[in-house]
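Take this structure, written in structure tokens, and hold onto it; I'll ask about it next.
Here the chain labels run A, B and C in written order, and each chain numbers its own residues starting at 1.
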Amino acid sequence: MEVLNSIANLLKNVREKSPLVHHITNYVTVNDCANITLAIGASPIMADDKKEVEQMVSLVSALVINIGTLNERTIESMVLAGKKANERGIPVILDPVGIGATTLRTDTVRTLINNIKFSVIKGNMSEIKLVAGEKVEIKGVDSAASEEGAVQIAKDLSKQLNCVIAITGAKDIITDGDRVLYAQNGHKLLGRVTGTGCMTASLIGSYCGANKDYLMATAAAVITMGIAGEKSMESLKDGEGIGSFKVRLFDNVFNLTTDEIKERGKVRYE
Amino acid sequence: MEVLNSIANLLKNVREKSPLVHHITNYVTVNDCANITLAIGASPIMADDKKEVEQMVSLVSALVINIGTLNERTIESMVLAGKKANERGIPVILDPVGIGATTLRTDTVRTLINNIKFSVIKGNMSEIKLVAGEKVEIKGVDSAASEEGAVQIAKDLSKQLNCVIAITGAKDIITDGDRVLYAQNGHKLLGRVTGTGCMTASLIGSYCGANKDYLMATAAAVITMGIAGEKSMESLKDGEGIGSFKVRLFDNVFNLTTDEIKERGKVRYE
Amino acid sequence: MEVLNSIANLLKNVREKSPLVHHITNYVTVNDCANITLAIGASPIMADDKKEVEQMVSLVSALVINIGTLNERTIESMVLAGKKANERGIPVILDPVGIGATTLRTDTVRTLINNIKFSVIKGNMSEIKLVAGEKVEIKGVDSAASEEGAVQIAKDLSKQLNCVIAITGAKDIITDGDRVLYAQNGHKLLGRVTGTGCMTASLIGSYCGANKDYLMATAAAVITMGIAGEKSMESLKDGEGIGSFKVRLFDNVFNLTTDEIKERGKVRYE
């Protein structure tokens, strides 16, 4: 399948180029983000002080911004880092964790999208709707309840921000405004381990840092985490649960082959 | 056994209600706290900025405050969050990690108990004595050396603060000032993994977020961690140690059944 | 072998004395640092607020400073803690993570070495060269390209700062300015898990907290992590990768015996 062959090639590129991926992220899942970045073959850098983020951005191939545990100090650093990344033309990924839960988060996302040109924004349906609410008109409260409505919101937001939008869920929707990709790997146990969403953003950063097609890179990241989740689930023995599952996620991303992507990947164009 | 049947029911409630548990906690064990909350069937939220903690508290069923890595920024957030939680009538759990080691920690605990009505305070004997020292008269230096003395301190503190007090140790003591529960599950290897105490506080938050009887909910949490510790220990193979033990803790909390609580739980009233 | 017998004895001392090791470290790998400290038999304390670090230092046997995720608040705490540790005569270990990547890191290391007498500075070749660049003249750009050049830089820096210098790599170089030890345990997979360098610094802190010969203590720590890495690698089954490898690191440090040090240790004097 054409798409899966492309994605398999993107994985090869990550491993050959081993891009540096700068994260400004939350302190809850930061260790997992670093290790998943290493697992896929890229290299993580975590730094969040305003006095050094611009210099760090000068050294890297991608920047991931995650608002999981915001505070005033790091918001300023996010803006500085994002602007510098834009200046350099490297991809910037946004994970708007928990937008809508608090005014601080919603305001911060507004500040970020007003100051930074993002390459990819990834969230669940509720998060993406709230990001969209800042920028595009959503017609009717129920418009996102249908898959069709969700796709339309994602496409509109994508065009408005000139940015790949990824809505993660049982079926992932990824669009650059024109093309729409649907991905269906994964397992619901991924939702029972903290940070699998954050780690997916790290994988997006890793793939985008080594590949120019950000739509396909985002699909590759989502498929990577999905296949790793499936394989980790399949490997669980009696008495094992989310502890062992999480350990295997790193094993399975580390060991992921291009053949596995081609055999197990479930992704299609609209 | 009556108590164990009750505790088994509390576990069912956690899994049915999946309460949101807000944590303001340390950056050392925060990931483990999030995952143990997910393992038992509840949902964690970590947020510590003063600009958003009150709104976060408005969304949740319980608040856990842990002073493991204090700083000025988060102390203010703890007070704001705790007051809001009191306003809403949701349970607030305090883990006074390392009180007495520094003036900052002792002062912070004083500030917290003077501003916030806690539902449960959990610590080891030394920590609880120091919390008590802020509020109740301890008769003689050796009064806590005996189990009897320890129980009296816990009861007095409990009455003074109108709060469940849990003293964790080889034998856990849990009291609401009238009733006293003794729990004896666990294994000493739990003391060789960082964060098992913090995780117990997360479990208390999870149980209290889904159940109104905070004394029993606290006993349930302590028993849950204790049984998970025993099972993890039993499962260790040659060459395995605290790395594998920690992974299994999450597995065993995740897989804990009500039958296991009834069969393995060691808890009795005074 | 004489050196390995000595190192085996140092391990015994760590387990007998269980020294408290205070860390001011980054939020990426802090949990792993705490657990590796527990695994070797010491006890970790993490605290970074300027209001409490001096009191914490008063309680401990060693201090580890790691600049992995710097910010203004913690830099001040590092200086206060380091000065207090010097006053008390306890060992202070520096891990200058990422020095040279940003001005903030380079300036901070300069501030630290100008204000604090370190007992051990550990880094990779590039980091140690940059620390040396602050203090000793490096003759010619290529002087560190050869092993001979590297050893000379380490010795000069060691004499200048009156401090053990450890350069980690495929072959580790450890010197107190006079004696030079070469250690060669380890596996390249250690470089694919975040925090193995930070954990080595924690092990150095643990060994130095229980032993007066800091040169040998540093070698012991490096050998400990190296042997654990080798054993973890050997134990990997099909389908396992960095997730399982990391879990086993803790298992293997926890289970390390003095006999294993004697049998597997690869360390020799110049």
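The rule is simple: contacts are C-beta pairs under 8 Å (C-beta built on N, C-alpha and C of every residue); 3 or more make two chains touch, one makes a residue touch a chain.
Just so it is clear, the structure is predicted and the values come from calculations on it, not from any experiment.
Chemist: Counting shared numbers against all numbers at the contact of chain A and chain B, is it over half, same, or under half, different?
Modeler: Under half shared, hence different.
Chemist: Using just the Cα atoms, superpose chain B onto chain C and tell me the rotation angle to the nearest 5°.
Modeler: Between chain B and chain C the superposing rotation measures out at 120 degrees.
Chemist: Based only on mean CA positions, could you tell me how far chain A sits from chain B in angstrom?
Modeler: 34
Chemist: Which chain B residues reach two or more other chains?
Modeler: Residues 27, 31, 246-247 of chain B each touch two or more of the other chains.
Chemist: Can you list the residues on chain A that touch chain B in the complex?
Modeler: Residues 26-29, 31-32, 68-72, 98, 101-105, 192-195, 239-244, 246-247 of chain A touch chain B in their complex.
Chemist: For a test of understanding, state which residues of chain B touch chain A in their complex under the given definition.
Modeler: Residue positions touching the partner: 27, 30-31, 34-35, 38-39, 44-49, 51-52, 55-56, 59, 73, 235, 246-255.
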